[in-house]
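We call the chains A, B, C and D, going by the order they appear; numbering starts again at 1 in every chain.
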Amino acid sequence: MTRTDPEPRIPDPIELDAAEEARLRAAAGLVPARPESGGEYAGFDQVGIPDRPPQTDREREVYSLDEGEMLINMGPQHPSTHGVMRLVVKVRGEIIVDIDPVLGYLHRGIEKLCENATYTTVLTYVDPMDYLSTMHNEHAPAIAFEKLYGIKAPPRAEYIRALVVELNRVFSHGLMMGFLALDMGGLTPILYSFINRDEIVDMLSAISGQRMLFNFFRVGGVNWDTNDEFLSRLGTWRSRVLKNIEMNEDMITGNEIFRSRTIGMGTLTGDQAISLGVTGPNLRASGVPFDVRKAKPYSIYDELEFDVITHEGGDSYSRYLQRIAEIKQSIHLIDQIIDKMPHGPVQAQVPGIIRPRPGRAYGAVESPRGLYSVYAISDGGPTPYRFRMRDPSFISLQALPKLMPGRLVADTMAVMASLDPVMGGVDK
Amino acid sequence: MAFPGIGIARGLATTFRNFFAPKVTRQYPEQRPEIPDRWRGRLDLIYDPFGEHKCEVCFQCAQVCPVEAIDMSGFDSQGNRIRYGMPEIYDERKDPNAYRRAGLAARPMRNPARWDEEVDAPWVDETIDGFGGRPESLVAIFRATQGRYGYLPEQALRRISDRLSIHWAQVFGAAGLGGFRLLPADGHVVTVCDCTSCRFAGGPAVLAAIREELGIGPGEETPDGAFSLEVGTDVGAGTISPAIRIDTLVYGPVDADQARHIVSERRRSAVSAGSGS
Amino acid sequence: MDFELLLGIGRFLLATTLLLLLTVPTAFIIIQIELKVIASMNLRLGPNRIGPSGMFQSTIHGFKVLAKEDTVPDQADRGTFTLAPWMVYMAAAMSMLVIPFAPGAVAADFNIGIVYFFAVLGLSVVGLLVAGWASYNKYSLLGGLRSAAQMVSYEIPLTLSIVGAVVLAGTLNFSELIAWQRDHGWLLIWQPIGLGIFYIASLAEINRTPFDMIEADSELVAGPFTEYSGMRFGFFFFAEYVALFIMSGILVSLFFGGWLAPWPLPAQLDGFAGTLYGIFWFFLKTYFFIFVAVWLRATLPRVRVDQLMGVAWKVLLPLALVNLFITAIAVVVFDL
Amino acid sequence: MRNLWTDEDTVEFSIPGDRNVEVLGTLRDDPDLAFFMLADAAAVDYGVDAHFEVVYHLFSWKHPGWLRVRARVDRSEPRIRSITDMWEGAMFHEREMYDMMGIVFEGNRDLRRIYMSPDYRSFPLRKDFVLPDDAADSPAAGVNPLERPETWDLSHFREAVAVTFPPSDLRGDAPGEGVEGGDFADSESRPR
């Protein structure tokens, strides 16, 4: 019976001692939100300030209030925070002064879990990360592990991979259109988007056996070849999808209310976006033609014909238009992939338990939210020594505090929806 | 945008058109979705070519599941209904055999002195070494241990698990599947099923017959300590009603006469075995 | 004299009771319409299990609301918190008094019915503001303040938009206004700008999409109603739909000829038959405009709060004044 | 620059930890290199006896591959300079590295926990971190529950919840009274 001693506490390098705590508390002018004695609150505007000293300059800045300001807690249970995300919003009236995103409500420690899973099972753990782009979540580790193990997937497997990730991109971008409208109060577009999504996930479940967490990729290939059911559903969907997208476009694109709320709202310049690490459609909407599929072709993207789409505005409306353009581009890519798909096996010969040689590998894909990359280190054992995932929505979220000050509370949701974060990915 | 209001008008036209369009809602219980051939959303056990379940209800998967998502039930090799799950949720887990298989401290039911029986550790080690200390000889070791103790004491199993470096969940699983006795042999528990289907199928008559035969009521013990009577709801799983169980053996469907006969037979054999030893 | 007074009081009490009773089924019917129409426009089926094709869904919702626990937040101001739903509901119900359903079927045929209507409808802002303040919740507070700003702003263009009609018809009494429309044609033809302003402002006044700033659920959770539960929330909810009914009814009465049929009657109907005929046309038109409001809700996103105020002050108010100015000149010049 | 190494699409080299700002600044600002984009920043723990590494992945149009820069950090003194001045987007990367590995980034204005709660006092991705039980502060911390059957005993829990609350407490009039017996922290084992 192996028994381990209780976990030894690792001391925190910036842990504060009591005197320092008192000094900081006094410096920030903080009083406890709920005094120890007596049941009275300190005041209405004080609700929301944590009852502990600020740990950093930035935290002190956010949580110290000037005259006329108050903190609003948006989330973790709020109708439109796209999951369990919390935004501490400092407002003056309805004008936002500052925003502090507080993360971690969905943190599952997937990186640590993956360090304890074999290379094959890692691909099941990454699925629920960014739950709207599950195929991409599996693609990057598959690429990294294939590099580590030194094998290549067969060509047909690569084509099937490209096919399913583009399908995934179509419904993910389609949902973004719907959510953007929903966060502005439009009820209908999201349901039209879900019609499209349902058709795609039915199709993907025909090929992979699952509707949401597909678990379709394998190291050295994919789980299954295409079957008739998948292809017939693909044909049906292909004949309808443009009509569905057009239906949504009729609802949103020209709508004057929508345009007046998104044009010029949340403008990111290209330099700003690069500095903030924003990638994907959000970056391309700011005019930077960075697309991993072109910049660093992985899979079969160097064999396909497509151009990187950019928009110049950098505002919420450009980000929306960028998504629509990319949906159409993805449909175009799907057509090409179907045309060019070769015959052959879909899975390379790989042992049950993979033990790559010690080494490091980096696999990056263009997920619907941007650069999704995996850095895997092998020490020769059956499990990765270190498995790191860079999720694009996690990084893109940093743009929110830069974009929002001076805007209204109502714009928070509109700008956030245009950045399209998914909390499963943000919180790993 | 040429003229203000065009965009809104197009949106209104779209919704108005869709007001009359065919709807996409699936009326779930009436309209079943088309399940793809490769669907693996439903947990199902794998069958062998003869149509039998490949699962042998050894609980090893359930015990090693890190998030304790597996909750399973079935019949072990002795026809004993067993279930793995949170013991505080399922009353059925009161069966000590299942307790021990689940890796829990067995709940002493009868003869508590023998539950935590000290085993002769050097003897067990010797036995294990005698079989070469190899995991392949697990069944032989079990057989030898049962030969000495009449059943497999928990401590002996733990010893075997340690010495052979087999996860003890696997040791218990193997012991249960191999038909070994995990309970002390003396003192029989007669359980009469009291589930709904058994009650309808004549369970009360069976219970009355056994009461008459043994001369004790539910929850009581015969004066010589050889039998006790209990009422449970988990004996036959509703499929072999009415059912009775003696220790781990399930009989059913039985009528009152058969039940009386079974118990009296068992009593006679117990008495003769007791006199023989 | 005494007898007539008593008769008048009795008639008034009967009418108010009937109207109060009318509000509940009206709210249920409108909620049901909204559920089904929005569902259809979303390509869904909508509720279809309770009753034939789900027609009792909203009723069941109403009873569910009755059965819910009624909670008051710890720090809330109990007195005002309790009073607020009542104020909002009564404001809506009281303004029903002047709606002319049919010839003779008016609870109180004031001389100044139009003035009374706008005065009473404006009271609901007090209830919303009080609800937002008393809840001790920041979303409620923001929602309450938004409601105050929005409803007070929109009352001005709302009232000004019909002054043109009043000048034209020369009366403040709804029945006389409808009688004028019988003789001269519906005010829709005479006052198209006034109609547009009135429709937009009335949507804002009753918090319908695209002006549902007060309970903007993606921003302010539920605005002033965030902390309410049970029947108190039910009162707010009912008041909203009753207000939609009233606004549509007033719109019909002011601009679409009230109980008048779109064509002249072949033979003059009198008495009870005439009343029924009028009620039929009134409800038909009213529910058409309720359908339009629901249709808008299914289609449009919400405007932002500053755009909302901008529309009121920068567009609607000048337009309404221009409209009034043109109407007044026309009345003087053409001696209408 | 040490240990230059390449694979099919990545070039990597190691640098000492105290020169990361200098090296990354050159890589970004030199017009011939122009690694304008920080693709990823991650921390790696090479074990209790070894060191930490902060790994930067960079992208440039002028070079075909990704560039990996590995900066070595001492394990006993896990400090490295922050690169948030160069890329604002490194903020969340560094907060995550601090949260998960306990590496302190000097010059980062907002070095707080990002995933774990602010009062959490351990670093989950370090290799000497033992996977704890669900209830991290229970006596079973750090032990696989399956191998400790005694921790399955829930009788403590049952006693703990069998507390009758006085009616005043249910109304919320008197917070904090009459709940002494119901504090889970007092009981030895917490509900799993």
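Assume a residue touches a chain if its C-beta (ideal position, glycine included) is under 8 Å from a C-beta of that chain, and two chains touch if they have at least 3 such contacts.
This structure is a prediction, so every number in the text was calculated from the model and none was measured.
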Among the chains, which one keeps its Cα centre farthest from the Cα centre of chain D?
-> C
Using the mean of all protein Cα atoms as the middle point, what chain has its own Cα mean nearest that point?
-> A
If you tally C-beta pairs in contact for every chain pair, which pair wins? Let me know.
-> A-D
Taking each chain's mean CA coordinate, chain A and chain B are separated, in whole Å, by 44
Express in whole angstrom the distance between the two chain centres, defined as the mean CA positions of chain A and chain D.
-> 19
For chain A, residues that touch 2 or more chains besides their own | 1, 188, 195, 251, 255, 257-258
Touching two or more other chains, which residues of chain C qualify?
-> 41-44, 298-300
Multi-partner residues of chain B (at least 2 other chains) = 8, 11, 14-15, 18, 24
Would you tell me which residues of chain B are touching chain A in their complex?
-> 1, 4-8, 10-11, 13-15, 18, 24, 34, 36-41, 158, 162
Touch list for chain B against partner chain C, complex | 8, 11-12, 14-16, 18-21, 23-25, 27
Complex contact set, residues of chain C against chain B | 37, 40-45, 48, 295-296, 298-300
Which positions of chain A touch chain B when the two form their complex?
-> 1, 188, 195, 198, 202, 205-211, 224, 227, 229, 247, 250-259
Of all residues in chain C, which touch chain A in the complex?
-> 38, 41-44, 75, 136, 138-139, 142, 146, 209-210, 212-213, 216-221, 297-307
